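Chain nomenclature is as follows: A, B, C, D, E and F, assigned in order of appearance, with residue numbering initiated at 1 for each chain independently.
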Amino acid sequence: MPRVVRGTPRTPLDIVDGLADLGVATVHESQGRKGLLDIRLRPIFPARIAGTALTCEVAPGDNWTIHVAVEQASPGDILVVTPTSPCDDGYVGDLLAESLMAHGVRGLVIDAGVRDVATLTEMGFAVWSKNIGSQGTVKGTPGNVQTPIVIANQLVYPGDVIVADIDGVVAVRREDAAAVLEKGREREAGETAKRERFRAGELGLDMYGMREALTAKGLVYEDWVE
Amino acid sequence: MPRVVRGTPRTPLDIVDGLADLGVATVHESQGRKGLLDIRLRPIFPARIAGTALTCEVAPGDNWTIHVAVEQASPGDILVVTPTSPCDDGYVGDLLAESLMAHGVRGLVIDAGVRDVATLTEMGFAVWSKNIGSQGTVKGTPGNVQTPIVIANQLVYPGDVIVADIDGVVAVRREDAAAVLEKGREREAGETAKRERFRAGELGLDMYGMREALTAKGLVYEDWVE
Amino acid sequence: MPRVVRGTPRTPLDIVDGLADLGVATVHESQGRKGLLDIRLRPIFPARIAGTALTCEVAPGDNWTIHVAVEQASPGDILVVTPTSPCDDGYVGDLLAESLMAHGVRGLVIDAGVRDVATLTEMGFAVWSKNIGSQGTVKGTPGNVQTPIVIANQLVYPGDVIVADIDGVVAVRREDAAAVLEKGREREAGETAKRERFRAGELGLDMYGMREALTAKGLVYEDWVE
Amino acid sequence: MPRVVRGTPRTPLDIVDGLADLGVATVHESQGRKGLLDIRLRPIFPARIAGTALTCEVAPGDNWTIHVAVEQASPGDILVVTPTSPCDDGYVGDLLAESLMAHGVRGLVIDAGVRDVATLTEMGFAVWSKNIGSQGTVKGTPGNVQTPIVIANQLVYPGDVIVADIDGVVAVRREDAAAVLEKGREREAGETAKRERFRAGELGLDMYGMREALTAKGLVYEDWVE
Amino acid sequence: MPRVVRGTPRTPLDIVDGLADLGVATVHESQGRKGLLDIRLRPIFPARIAGTALTCEVAPGDNWTIHVAVEQASPGDILVVTPTSPCDDGYVGDLLAESLMAHGVRGLVIDAGVRDVATLTEMGFAVWSKNIGSQGTVKGTPGNVQTPIVIANQLVYPGDVIVADIDGVVAVRREDAAAVLEKGREREAGETAKRERFRAGELGLDMYGMREALTAKGLVYEDWVE
Amino acid sequence: MPRVVRGTPRTPLDIVDGLADLGVATVHESQGRKGLLDIRLRPIFPARIAGTALTCEVAPGDNWTIHVAVEQASPGDILVVTPTSPCDDGYVGDLLAESLMAHGVRGLVIDAGVRDVATLTEMGFAVWSKNIGSQGTVKGTPGNVQTPIVIANQLVYPGDVIVADIDGVVAVRREDAAAVLEKGREREAGETAKRERFRAGELGLDMYGMREALTAKGLVYEDWVE
């Protein structure tokens, strides 16, 4: 039975915005390398955003439920759409994007297609999608809004944080978000220092003390002979 | 027997140019959602063009027939190339592009590869292709020029309209083109009005009167419980 | 047994730089259409570079060997990385890129993923990869450095020339590089002349004298009948 | 506007059955190497059948139109189904197969999924499909029956001959079928003779007199040197 | 932190076995068309099994955790393995299969590769995998056993029911299993009756009373004109 | 310049036959996990063979060179064919298979398509191919015979051993073959003993003494809590 769950809690936006600053790669590392959506989701233009997941599960070739989802939107959300079977159709075009932006939605992550990409780019409406596709959709089968969904091989709950940039898309559980932000900021500080040392020419072999372990694993050095 | 058909009729260019203004998504909707080429055809740089189809069916890895096609070109054409079996080779590079432009060809749609992409981009020669590939081709087997072809799962007749932009590629039958243009312009006018309403925050649920139908299909609303 | 070969010879950089000027498509043609890496390797931003191959064979999901490779780098190298089984993980991010640049490495060709792509782009570190992916890697299994490798269906020896641009990636044997450069320059000169003739409207059919051969192969011309 | 065309002509079944005897590879060669459907269509069990095309164009994830098609079936038909955008759903299961068999349909060619494959195999209902998939479909959007369709990159008219075996699927135009059958039988006779000569050890190089042409194309023989 | 959860509850085996009798397509329909794993998972030989999920999340190219999982096995389990990033390596061969069978494991569902397929087939050890691949794995990074996992786009909890046959693989929540079994049996009974009517030639159009709805949706019938 | 190298040495057939007995997975492990061809090459029917590589590099869609290769065949060879760019065409059918068998060729490994698969199966001519495809080829461009080639991401020299079974295809260097056979036989002996212990229920955790290392890597055990 298709359903809409109202009043689901959301991660506070100050935490969300902090995670956006860190970016996908750092957030992913900071939460123990989990939550990464499949690499088939790619941005239609380079951007880095984060928001709270407004989840939406749709039938293949049917975007009816996205209209239902708009009403549940809250400023700071990212619409997260997964079809119940693989589909390349263009579920969202410029009209729906206008509607989503009007309700404060920051962007779209969809395991299917989008269309009107030139207009979406002018509007600055950020999208990560499986493909670009002009094939339109029907309105015949309602799906679910604000229920837990699996998208691109990851489980996402309503209100979880979605961070997306040119590296891809990662989901962070609402209850983990604050801790991940903290770890991410520590990690970033550490990386700046390391980066300076790398820039000065120091080798990772020495910085991380890898030489002994490599030898123990059997790595040998030999000189080239014609 | 390979053949070239001379004197095939073409859609008038004023209609073609009108369709270019509408773009792929609108044209596709306006003709009843048909004619869309497979999404694997992608632009090498962002552009929006329309032209009359100069059709060309080639052997895999063999671009001989494209030289034959240039002679049949007319200003306003788009060269449309399909191989008889899937092939990633780079059938067209900067020399052939120069030759095509010299004969008024506006761009290339090819279900195979192109090469010299940096130069093609500088030249402003718009291409939609399956891939970018430097593998050259031979000249051993002639194919067909200006015959009906199937490309990327769509049937295209010589002189049909091809509209291509960042959303993909769509074909419009020559005999349907004027009507599709008219419908497309009406559609576009309607979309502008709708877009204003969406921008003002109106919901699609209300604008399209969907609530009753969704309830009839079983959609239920419930409140979140921890 | 994993190993590092030290002191492998490299193609002189003046030859390498000459090949960069020619670009992938011309180099590929000039050496008899061989050495082209699979088209799945694509640039993260448009660039044209050439360098000497610093080869690296890695375990899936394990970037330990890349740290080993940095120590073997020489200014003018391009790091060439192939996994022993297909993998989409992001083997190289901004830290490793910093380290590689500090040792004079001009870019990266990898049949796997890269991450931190926004930063790599700001740094101007050119990469051709199978995909963009934030999934991190472990450091558990050493591989080989500066041994002959097969990457994206091509055999590459340490010190071979790698030329990469928006058309793809091609490898040139160290011992062939000077001859290929010479042929490439001749080819380029010939192409300029041809290009002028094409721009003036001359047909390839006439320029290359193809009409007779096409007729011999059975090509027929007919006029369109409704 | 979705439509059903009644009373479309069909290729006579004696010709159809003759083409089944020849098989896909021979039929394809005999009609000049055209009409071959994309290789993604594979049989669910090894079989060789031919029939007259009962064409059906469906919406993605919607099998309503297949019920419409059954009423138009005639003994000797093969149901040929193409979705308007790519879809993996299982459009046909054991119930629909039962219905199709009851109306004399010999098999199914579908550029999408089928389910209940174990039962279909027991029933001997031959299917060529893009995939096996249990995802069910809805009944919300009617499509077209017995109109010309493009399936797996080939144009098929109602009543055309479909030949399918383990090598794939080929379509033959109704008006060409008799001629193709005749050529195919001649071809088959010739192949039997050639096969005997090959079995006796004769080389293709000699049988087809290829040596001179190969030399003219630059083929050289050399002896191995360590 | 990698972890093993001991003592997770399992669906009773009488329910599991009942679901096996129904098969994947019926079970999937009976639970409202959810839980279907991606169609890329295919059987190495035709079989129909059901079991309780013994879940296992592994690093790419690393099968260490599978040895850990064996100790947690209980008769009636199916081992369900997902890598943290896509991998084609052969995680399981005849030795591990022997060990799994010795502990009562009924089969393997893995979103990666298996090897020794001829031996596994002789042993009757049923496997659904993404591919067959001989590339071996290392033992360097532990993963998780008996934690909730996402595999092939579906969430699976330890002790859930896995049903697998030639149509694919479906997961049923432990708490839903009894109800799904009941609905499935009702469904099956209904299908037998329908199947008889289809065999007798009754049309779905009449059996399901579709004619009016189709007309309402605009379906028209016309007669063929040359 | 296309060329044929005559008189290349071959691995002795007693070693070749020994490797066939071991099978792909064991041979691959025994030579240090190298030489495995890409998993896209699959058998047309289940078989296990080994032979000496008769190498052949062909143009896309052009099987002329295969006729050249037949003359170079020696009993015990396996024909190994790679196209210079990816191609799905059916390079080999029943006639060429007849010719190959008449010259003692044991099978075919091809990174492209084959056709007449029903007949090849009846003949018992074993084939590993990328796909089954009826699209025929031309005879216009000679390639190379008995030169080193890269096929499916592996380098193969004439006379190397090719082992192929349902697990895939592996290449063994001629100079390594005897040593690999010896190691493989030792490995096989060891596996038989291990397999007995697994069958008796012993855990890999104990047999390989893994518990301590897993704990050191951070693996923890916890008990399930609702």
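By definition in this document, contacts are C-beta pairs under 8 Å (C-beta built on N, C-alpha and C of every residue); 3 or more make two chains touch, one makes a residue touch a chain.
Since this is a predicted model, take the numbers as computed values, not measurements.
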Chain-touch separation of subunit A and subunit F, in steps, is 2
In contact with subunit A and subunit E alike are the chains C, D
For the copies subunit B and subunit D, the interface residues, called same if over half of the numbers are used by both and different if under half, are same
Matching interface for A-C, options A-B, A-D or A-E, criterion over half of contact pairs identical, gives A-B
In whole angstrom, the CA-centroid distance of subunit D from subunit F equals 31
Rounded to the nearest Å, the gap between Cα centres of subunit C and subunit F is 28
When centres are defined as mean Cα positions, the distance from subunit B to subunit E in whole Å is 40
Where subunit D touches two or more other chains simultaneously, the residues are 1, 33, 36, 84-85, 88, 133, 135, 140-141
Full set of chain pairs in contact is A-B, A-C, A-D, A-E, B-C, B-D, B-F, C-E, C-F, D-E, D-F, E-F
Note: in the complex, subunit D contacts subunit A through residues 59-62, 84-89, 133, 135, 138, 140-141
Subunit D contacts subunit B in the complex at 1, 32-34, 36, 84-85, 148, 150, 152-155
Listed in rising order, subunit E residues that touch subunit F in their complex are 1-9, 64, 67-68, 70-71, 88, 90, 93-96, 98-99, 101-103, 113, 115-118, 131-136, 139-142, 146, 158
Residue set of subunit C touching subunit B in the complex reads 23-25, 28-29, 33, 36, 39, 42, 46, 48, 165-168, 170, 191, 194-195, 198-205, 208, 210, 214, 217-224
